[in-house]
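Presented sequentially are two complexes of chain A, the first with chain B as partner and the second with chain C.
Here is the complex of A and B:
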């Protein structure tokens, strides 16, 4: 394999990994703060993509404006989701949250199928077939934009969590809910914000990737299962761990894809997840530094 | 006691008579196991619409045997387990006189033993795996009939065309296909067809259905430089393949079973796929009066133009309806016997007659892409 091919695989892997991270971070944040595994995360990503598709292709709204609108809308959906469905679950057992989010996932997926049919759609933007040349490698502009948006979003989440009072409150709730309450933090407000940010990130991912991948009701399935593997590998609820695992997985998958059949490449994430569960159940970066 | 028996007996006879009358007026029901949800739902929907059009036309013409026909579509999610579940339900209800489709080859192969045990005909409209034909008819499952060409027939027609017109392109073909009986069966059939001319496939890559990202495999193929990339994909996968193919400047013509009508129009018009040569069982542009009538009727009824799947669903339903008519009764065994004697003209103009392996031999449509447009290069008998 020549250097140009290796460079292209490396760049592809980096972009793919950051895309995984964008989806996985929201999942990790929600679990980290309220200890609920959101099985509907893939469908929220799908709804983000569907909304972006209709904003751009039906209403003529620009690519960047559609991303901003969908992200804000998804943030709002996150607040409603928390208040209507997740908050009443507080302290009611892990299995209830699994059933609820799984049920929500089915309702959203089949609802989209019913309303939109299963016809796959492609969002077309002025950037759709433009690319950047790096030596012998090329990076499609839309993937580069997704990479930049993901890095900005991750930076914003990181700064919020570590350098703002609101973020510190979320981390406090994640680490010890009772103690957080005792020092005057409102756990419900912190949890609501965490869910809103998590769902907002899934909306951002959907809107940024709508012109990259085909938009259809089951599009969330492939990415969200990778995201589950990523957050288990990184340590459930550990955002930095999820980000590092996601980028590493993207790069490993891409390089392996240059040598192995695609079906084997898909197995890498799940083999790694099983090994981590067997050898280091707390994940590579552990749960001690959650959120 | 004797006094009491008469009214009971009369009531029972009346009830039986009423029930017999009701049955005679019930529609004749044809089952259809299709992916109505999941990654192949788009295709299942089109196949269902095709069958619904055939049923609507038959009903508008007065039905069959004095009764209306009803379609009983059940979801199989393109999954063999779900296909078994849906067909088991149909067979246990004993209402369907024949079953259409399966759509996905893996689902059809799973359904085949069930219909054989229950002795109900299964008419395959869309699945193309050669294994379906190998296991049907002489020495195999006599209840399965296949209306559309198999992968083997299509691959022979495709390679025959390439060898005759563009032999250098057939020399080093790489396969990119979904990891199903459709993808793997297509690759095997293409390899076997190339083998008849002393050639073989350069490589095969199979991916899980619904995979969104093909960047790694395209990077690999770009460095290996095959003469063509044979695609065996359905639904959203085709769009993802087409867009990433252009974004990464792969520049190697496509072949195999690429569904050109699913390629985004702007990609097709850009000329990026020029030089591609694919074999399909149908193209809406085929110039026959029957096809024009079908395209018009389909577009009018569903508001969308038909595709390969819609046409195959339509044709298969027409074959079943014709068999019921000739059987003279809505009995699965009589319909099976009538299916063996099918002699219909397809909308492409070929005769639909089943061979020893219950495969009909319609035309393969060889499509080429020139100047950003899909052109019918040949209609080859399969």
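Here is the complex of A and C:
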């Protein structure tokens, strides 16, 4: 394999990995703060893509404006989701929250199937089919934008968690709920914000990727499968671990895709997860609810 | 008549009604529903054993079902094995894989088990679709012929007749339900419940949670795998849709509404949830939307299902003061 091909695979992998990270960070954040694994995360990503598709293709709103609108909308959906469905479950058991979010995912996915049918749609933008040429490698502009948006979003989440009072309060709740309550942090407000940010990130991913991948009701399925593996590999509830694992997984998958048949590429995440569980059950970057 | 005799009578009556289905409802449609109901009873009883009794939420049941289906289909179609041997090997393979994912993930937590079992089910779907040289890819293995048995004295039994296949699935379901019932009412079954209710307390009494949970996973994997090994010969084809998430969601609805940990509640829910939605003729998408809404509602208001609600009512009645 020559250098140019390898470089191309590396760039593709980096973009793919950062997209995994966008989904996985939201999952890890929600799990870290309220110990709920959100099974509807993939469907929220799908909703973001569907919303972006209709905003641009039917209402004629521009690509960047659609991303902003969808992200803000998803943030709001996160608040509603928390207040309506997740808050009543507080501390009521892990399985119950999984089944509840699974029910939500069934409603969203099959509802979308009923309303939109399973026909794939592709959002077209002024940037479609245009590339940035780097030596011998070519990066599609839309993927580059997704990469940049994801990095900005991740930076924003990191700064919020480590350098603002609100973010520190969220980390406090994640570390020790009772202690956080004792020093005057409202766990419900922190949880609401965590869910809103997590859902907002999946909406952002959906809107940014609507012109890259085809938009259809089951588009979230494959991504979420990888994202679950990523949060186990990175250590349940560990956001930085999830991000690093996601990017590594994307790069490994992309390079392996140059040699191996697709079945084995999709199996990498699962095999890595099983190996991690066997050799280092707390995850690569330490277990525990560390945001 | 004692309550126990009443239960036995009711069970025998229900069994008689089910066994004579080909005589009073032997239309192709009725038999189709019967075969589906028997299959789902096996699957949801297995899920109830794992989730209802030992408290592990498993998404891998559909994977065991599909692995059994693919194994028996490939063994009989490609290697010329008898169907029953193929189904048994499929069940054993599912059992072994169940132990692998159970052992690896339960070392961390039951949370990890839930996620790993889900990933495992999705991985099976992807492998069946993409490993074309083994599984034939999305086209699947068509043309599976149901077996015929040459029994001395009884002549030839052709399972390609829907009524006979129905009796096969019904007998298998009755066998699985009876065996599982014995298991959950035994000392081991009480240990399952103890682990679910309070794991540290159970451990302090000398119960090993890992071994008991692996036993529950293994038993349910074996029964689901064999069920899959039979069922594909009814479908006459096995393709990646055998791993469809639809099976998982339907099983979960049956267990949740029937009441996790209430044995007969889940069996009744399996029959009801096969028959009712089909008779209402909902489109597939709308049915799954409805199932999802039921799941959300049950989790918010009714977490122990109908079976749990009935048990609660009974407790309240028993605790009522005698001289009111």
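The criterion applied here is as follows: the second predicted complex is superposed on the first by the 289 of 291 C-alpha atoms of A that agree within 3 Å, B and C clash if a C-alpha of one lies under 4 Å from a C-alpha of the other, contacts with A are read in each partner's own complex, and residues count from 1 in each chain.
Operating definition for what follows: a contact is a pair of C-beta atoms (placed from the backbone, for glycine too) under 8 Å apart; a residue touches a chain by one contact, two chains touch by 3 or more.
All figures in this text were calculated on a predicted structure; none of them were measured in a lab.
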| item | value |
| --- | --- |
| Joint occupancy of chain A by chain B and chain C, clash or fit | clash |
| Partner chain(s) touched by A:89 [first = chain B, second = chain C, both, neither] | second |
| Which superposed partner A:278 touches (first chain B, second chain C, both, neither) | second |
| Touching partner for A:111 - first (chain B), second (chain C), both, neither | second |
| Which of chain B and chain C A:266 touches, first, second, both or neither | both |
| Partner chain(s) touched by A:100 [first = chain B, second = chain C, both, neither] | second |
| Which superposed partner A:14 touches (first chain B, second chain C, both, neither) | neither |
| Partner chain in contact with A:122 - chain B first, chain C second, else both or neither | first |
| First, second, both or neither for A:214, with chain B first and chain C second | first |
| Chain C region in steric overlap with chain B, selected from 202-210, 220-228 or 238-246 | 238-246 |
| Doubly contacted residues of chain A, that is, touched by chain B and again by chain C | 110, 113, 221, 261-263, 266 |
| Residues of chain B touching chain A in the complex | 37-39, 41-42, 44-45, 179, 204-208, 210-217, 219-220, 222-223, 235-237, 239-240, 243, 246-249, 262, 264, 266, 270 |
| Contact set on chain A toward chain B in their complex | 1-2, 4-5, 8-9, 12-13, 15-16, 110, 113, 117-120, 122, 124, 128-129, 131, 138, 140, 142-143, 212-214, 216-219, 221-223, 253-254, 256-259, 261-263, 265-266 |
| Touching residues (chain side chain C, partner chain A) in the complex | 51, 55, 57, 100-101, 104-105, 107-108, 110-112, 114-116, 118-120, 122-123, 126-127, 129-131, 249, 252, 256, 283-286, 288-289, 291-296, 298-300, 303 |
| Of chain A, residues touching chain C in the complex | 37, 85, 88-89, 92, 94-100, 102-111, 113-114, 221, 225, 228-229, 231-232, 236, 261-263, 266-267, 269-270, 273-274, 277-278, 281-282, 287 |
